[in-house]
Amino acid sequence: MSATSGADKATILVEALPYIRRFWGSTVVVKYGGNAMTDPALAMQFAEDIVLMHSVGMRVVVVHGGGPQIGELMAKLGKESEFRDGLRVTDAETLDIARMVLVGKVGRDIVSSINVHAPLAVGLSGEDAGLIVASARDPELGFVGDVDTVDPSILQRLLAEDLIPILSTIGSDAAGQAYNINADTVAGAVGAALGAEKVVYLTDVAGILDGDGELIHQVDADGINAMVADGTVAGGMIPKVSACLHAVRGGVTSAHVLDGRLPHVLLLELFTDEGVGTMITKDPQ
Amino acid sequence: MSATSGADKATILVEALPYIRRFWGSTVVVKYGGNAMTDPALAMQFAEDIVLMHSVGMRVVVVHGGGPQIGELMAKLGKESEFRDGLRVTDAETLDIARMVLVGKVGRDIVSSINVHAPLAVGLSGEDAGLIVASARDPELGFVGDVDTVDPSILQRLLAEDLIPILSTIGSDAAGQAYNINADTVAGAVGAALGAEKVVYLTDVAGILDGDGELIHQVDADGINAMVADGTVAGGMIPKVSACLHAVRGGVTSAHVLDGRLPHVLLLELFTDEGVGTMITKDPQ
Amino acid sequence: MSATSGADKATILVEALPYIRRFWGSTVVVKYGGNAMTDPALAMQFAEDIVLMHSVGMRVVVVHGGGPQIGELMAKLGKESEFRDGLRVTDAETLDIARMVLVGKVGRDIVSSINVHAPLAVGLSGEDAGLIVASARDPELGFVGDVDTVDPSILQRLLAEDLIPILSTIGSDAAGQAYNINADTVAGAVGAALGAEKVVYLTDVAGILDGDGELIHQVDADGINAMVADGTVAGGMIPKVSACLHAVRGGVTSAHVLDGRLPHVLLLELFTDEGVGTMITKDPQ
Amino acid sequence: MSATSGADKATILVEALPYIRRFWGSTVVVKYGGNAMTDPALAMQFAEDIVLMHSVGMRVVVVHGGGPQIGELMAKLGKESEFRDGLRVTDAETLDIARMVLVGKVGRDIVSSINVHAPLAVGLSGEDAGLIVASARDPELGFVGDVDTVDPSILQRLLAEDLIPILSTIGSDAAGQAYNINADTVAGAVGAALGAEKVVYLTDVAGILDGDGELIHQVDADGINAMVADGTVAGGMIPKVSACLHAVRGGVTSAHVLDGRLPHVLLLELFTDEGVGTMITKDPQ
Amino acid sequence: MSATSGADKATILVEALPYIRRFWGSTVVVKYGGNAMTDPALAMQFAEDIVLMHSVGMRVVVVHGGGPQIGELMAKLGKESEFRDGLRVTDAETLDIARMVLVGKVGRDIVSSINVHAPLAVGLSGEDAGLIVASARDPELGFVGDVDTVDPSILQRLLAEDLIPILSTIGSDAAGQAYNINADTVAGAVGAALGAEKVVYLTDVAGILDGDGELIHQVDADGINAMVADGTVAGGMIPKVSACLHAVRGGVTSAHVLDGRLPHVLLLELFTDEGVGTMITKDPQ
Amino acid sequence: MSATSGADKATILVEALPYIRRFWGSTVVVKYGGNAMTDPALAMQFAEDIVLMHSVGMRVVVVHGGGPQIGELMAKLGKESEFRDGLRVTDAETLDIARMVLVGKVGRDIVSSINVHAPLAVGLSGEDAGLIVASARDPELGFVGDVDTVDPSILQRLLAEDLIPILSTIGSDAAGQAYNINADTVAGAVGAALGAEKVVYLTDVAGILDGDGELIHQVDADGINAMVADGTVAGGMIPKVSACLHAVRGGVTSAHVLDGRLPHVLLLELFTDEGVGTMITKDPQ
């Protein structure tokens, strides 16, 4: 891009202005995972996008997963992962590993990559200050948790101080027992609890596809339900769209499924006309 | 620019990020006048630049002049302007006209052009809430005033509410008599009173030129004084550099003389490497 | 009055105490216009009254008109005013003149006359910070506007800082187009938006008169409507009583039509038993 | 006064305006005692004056004594008062009586007389919230105390809430022992601790008189000291002028000795030209 | 207790932790009277308990009576007390005495005993800042008052400043006339006005007893009404249980009748398992 | 302890009152490590002590280490720890492990153990919000860091919200590189940055011993320096006393070296007469 003249650069900044004004002061929850997290170049661009979103007045919360990184440490420690219905059976040792990886490595790396720009990011776990109260989903799965309640106070305090919370999705119950919780679910629940404007999911697909494999640009709750019913939406996309529906039904204006493999996909979506991915709303637009 | 791809646009936004972070939260006073004000395209771009500066976290105050517009209404009213040492002799009727034009037309037009983007701008006169206390410079000049004191409280209140004050440079004395004051001087005094990071002058020249007519990119107070002493800086540039010196001696980090004829010159200066114009600091850098 | 002894003066101050306590902390919108504005002695007394009202704990907003002053500048500029149904047809040039006169002259003069006492007044236009969003009343009238919405935030901020907003009745639409709006209407709408205790109109008549030409001291909304229906209230009084009804229906406790030709009529009304003018309430008292 | 017309009343209110503005927002400590307290008509006028001072923007603290009322209850209880150097020897029973009278009767009556106008007054004792830490002046005098420290926090909190503290001059030491303290002294110390603008003493004399018995309108600290040295100021006036000097040396702008026997003497002094009594400043005016 | 080892002491502190957490931040109104007030050792322990409750995060308001102390001063002054239906007929002189004793002696002694620990207590009367508006219960009883309204603002302000209000139960009407009010009633009304968690009555009995003279640990509103109806609750306990019912119906979670003759009964009730006295709730538990 | 009567328990609570008042509102930084962390019973008691300290009004920050736990995970992963001068040589992989263990396991376990009582604890790393800026101590040691600066803002924000920060001692430099930092050092630096009242070190020794092996109860900075010079203080105690000196020279009132092997040692030290361990002050007491 070095060939772009200063004047052209200024013009491009100004072209972003209507988008910037539209979202100034609004809250956006970003679910971060997949390739966007494991590819170093994309990870660096993600951090840039988040800092830019913050700098133009958005209140941003990042919720991250980390399944592959958990698997990696388990492998190094010679511990087998057992999966049941796509969910990792989580005994006490596995939970400890998951928590170390999520809170102590993945979350930390995101904080670091943001704080290179400015000291804005603060790592949090759902265990902090009663943020996520969880309970076991199924005794057979061990410490795999469901979200019971979200108390967004600590997030609101940090946002009010112009900080960017980076949330690892461990919750705990009243007895202090921790649980590993699906990050897609947490992102939706946190978005609803904050009354966010948007919840954005970075995925490894182009978005939600219709029966012909074409990208759907916009769809409402009924449309999603129909697609789940007829099998158009299936597999790993199901928890994601469930979380999206939870969010929009809980008051979030729109949920977005984006292709995290595209460089700067957050900026493309938010600050240019080039709509990318799928937008889900409660009612038809 | 429509040929620029979304990805390229995103890259350009990200290239601005270090500049955005550097100035996030800092106060910038912009003296607005000359061609940048009278050319409709430049005026529209000026408004875009100001809203963009605000949107990326700067606290912006606009101070404007309006000599030509005053002259125009005087002409329409069949009143002759008398000038002495380059200053308009200002009788009561002239003052009334100047005040109407500055507060009721020029200031209003700036407010309008900004508020098209978002309801951010608020027009002010130095008479409001005791902002500028002034006194007569010279009885022969009539109601031409000098700044005695600046009470920036009303500006700070509006800035704290995320608003953009647009200041017309009328001051008043304790008896309620209004005075027309040089806008360059007011911009410097307001910058010092606010402890601004920058005071920026939009002019109709490329910046401050050395003896060979070359643009000086950076100069300190002693350097300016030397150039005034040896005549390199002369004429209408003298009140401007005086105001710059007043500002940097009063605590402003740097004063800038920019070419307001360049489109989006504020963005070029603040958000790209393309340094334009002259930067004045108190001490050598 | 110099013959009044100190003791008598003290007694008179104390006689005002119950009135002062009754209105302490309440919001009063004063529509200022007519003789009270054009007679210099009355104008000076008006400023004293406003500062005194502020000093004894009221939150005061002044809304002013300026038709005659607009006409005067138009005459000087050799521009004919065209009226249709009592409303000035307002082309772009007329709007510019109206705005200059209202914001840059009439508003300024009020600010000045108050700030002689203390730096309390701040001039505002309805264009500032999105205060008044307006739209064209009728294409044939040009830029004559109706109030669409009032966002009183900027007024509330200034009132919270113990300042006195002086409001010129120019509004603007989303595209930044300005409109000249009837000041009586604005006063009522602003009173309702602020949840004011009182809206007070200074007029050039004694108040609202009944069919026998006798001053009515108090009347409710139904009474007003009846008088409009039977023609007792007519002409220029109709927009005034409409604005009064809008105010009291919007939550203002009472609207008052006072004789602005009486010296210190605001003090007479507020701080003495000598009820002057007509009080309008929503329901019968 | 009923003969005064409304217009005249308005004029008198307006004549007070410059005085009102001068003291708006400033803190005034009033020492209340003597005839002004025991004469019912004067007491009612005192309450009116205090409420009026509060209503026009002053932050008022009342400090009261009550020697005669204490003597009266002691007499009823058949207990002899013993005086030494003009100070009541205060045994435990006497202290109990003094405290009951000051806090439970005199202070209460002042609160009542003010709260008839509006619920503004709050009775306090120096024992509350550590306001006055005291110690014994002289073992022979029993529980007669001197002020060690004043912690004005509780006063500032009440003033910030637009309330009027009424302070009874009982202090206590760290062990919880109460002491009766001279009210003149407390008024000066409280004025200094609050950084008050004025401390005003209501007395039963016209003010401070010079050697010829003429009222002195203004005098500085050195002047007072000279008058004490040469005996012009003597007797009960000495603790009063000592307290005045303590106040002005502690940062109070001026201390005033007024004739509390004049109706509305506070209003006369503060809101009219009729200077009454003696003003004491630190330095010559 | 000096024989208890440090380790045992620590254990006991920790045993209190769940109770401390349960009540942290909640508001508790304590009606103080009877033996707990007249026995010096119990009074000292009461102060310790109150300071401890405050120190572990409760917002505490003390409401006190003082009938015996009023009687004592009346006796010393040779004034007969006349009682009608258990209520003291209160003429002007009796009211004066009651007010002096309550505000100037009993309240003061409580403030003192608390402030020995830290400068936390502030004495208040219901007359202060319009806290309790009262009216005469019955002309034959003189200045015996009923609570008309409670404005808890002044209490909330003091609580917000981490202070402990000590309230003497004198109220006043709009004309400034004071009334002596039953302290049990005031405690219930203040608890309701504050939305307190608990109102606690210290009495000279073990609690509420059933028909067999056994202590009732817990009872709801219907249960209380039944006991009043069948005479199980009678005499001086009736106003107490009425106040309890008023409190729980007004939003207080529970009212407690405790035996104030037990040392540290407040701590026993709040911080240990040893439930003492009777707890009254609106609905069955 | 179940044998202790309620009355005795109350007495013990009250005995703690003077200590509670002394430290109410003060900030205490606790360095947590050693046996107190690895023994489950002691760890549970530590959490109780911290919650109790918080509940009685202290502002508590916990700084923790975790050397043994890091060693354990390294062993499981088959990675050898290399030590140089007692410091673990920290390559990138070791740093990753240390960070996972400290932030993702040790810190989490502390948060959990506290939040069982109430949702008060929030885990932080020095990387969050620019809290600890660090740099490499020595290239040969790899990513072992020294504290360059502490920005306590995020701690102060959390303390102001009545939360308990749990700090893992990872810092980062401007480039986002993380470093493992000695927790003793961090505790001292954080104490100084917060202007804490106390910094408390829980260790596996009784305190600082003199040449005869006797516990020193109190010592000043000069005394410590002398003991380091003559070898009385040596080995692992040296970084601890250095951190203590740094703290008291930076404004902390006192630093304490306690025996973390004693149950509830924090409560013993803070709330009973049984002084345990060694107190270090800047100047002699």
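As written, the chain order gives the labels A, B, C, D, E and F, with residue 1 at the start of each chain.
Convention: a residue touches a chain if its C-beta (ideal position, glycine included) is under 8 Å from a C-beta of that chain, and two chains touch if they have at least 3 such contacts.
What you see is a predicted model; the values in this text were computed from it and never measured.
> Can you list every chain that touches chain C and also touches chain D?
Per touch definition, common to chain C and chain D: zero chains.
> Which neighbours do chain B and chain E have in common?
none
> Validating interface symmetry: for the copies chain B and chain C, is the fraction of residue numbers used by both over half? Same or different.
same
> How many degrees of rotation bring the Cα atoms of chain B onto the matching Cα atoms of chain F, given to the nearest 5?
Resulting rotation angle: about 120 degrees.
> Using mean CA coordinates as chain centres, what's the chain C-chain F distance in Å?
Whole-Å distance between the two chain centres: 66.
> Between chain D and chain E, what is the separation of their C-alpha centroids in Å?
Roughly 35 Å, centre to centre.
> Counting in whole Å, what is the centre-to-centre distance of chain A and chain C, each centre being its mean C-alpha position?
Roughly 54 Å separates the two chain centres.
> Which chain D residues sit where two or more other chains touch them?
Expected reply: no residues.
> If each chain is a node and each touching pair an edge, is that a line, ring, star, complete or other?
Shape of the chain contacts: a ring, since each chain touches exactly two and the loop closes.
> What residues on chain B touch chain A, complex-wise?
1, 4, 6-18, 20-21, 24, 45, 48-49, 51-52, 55-57, 117-118, 262-264, 267-268, 271-274, 276
> So in the complex, the part of chain F that touches chain A is made up of which residues?
Chain F residues touching chain A: 76-77, 96, 99-105, 107-108, 111-113, 115-116, 119-125, 127-130, 151, 154, 157, 161, 163, 170, 172, 174-176, 178.
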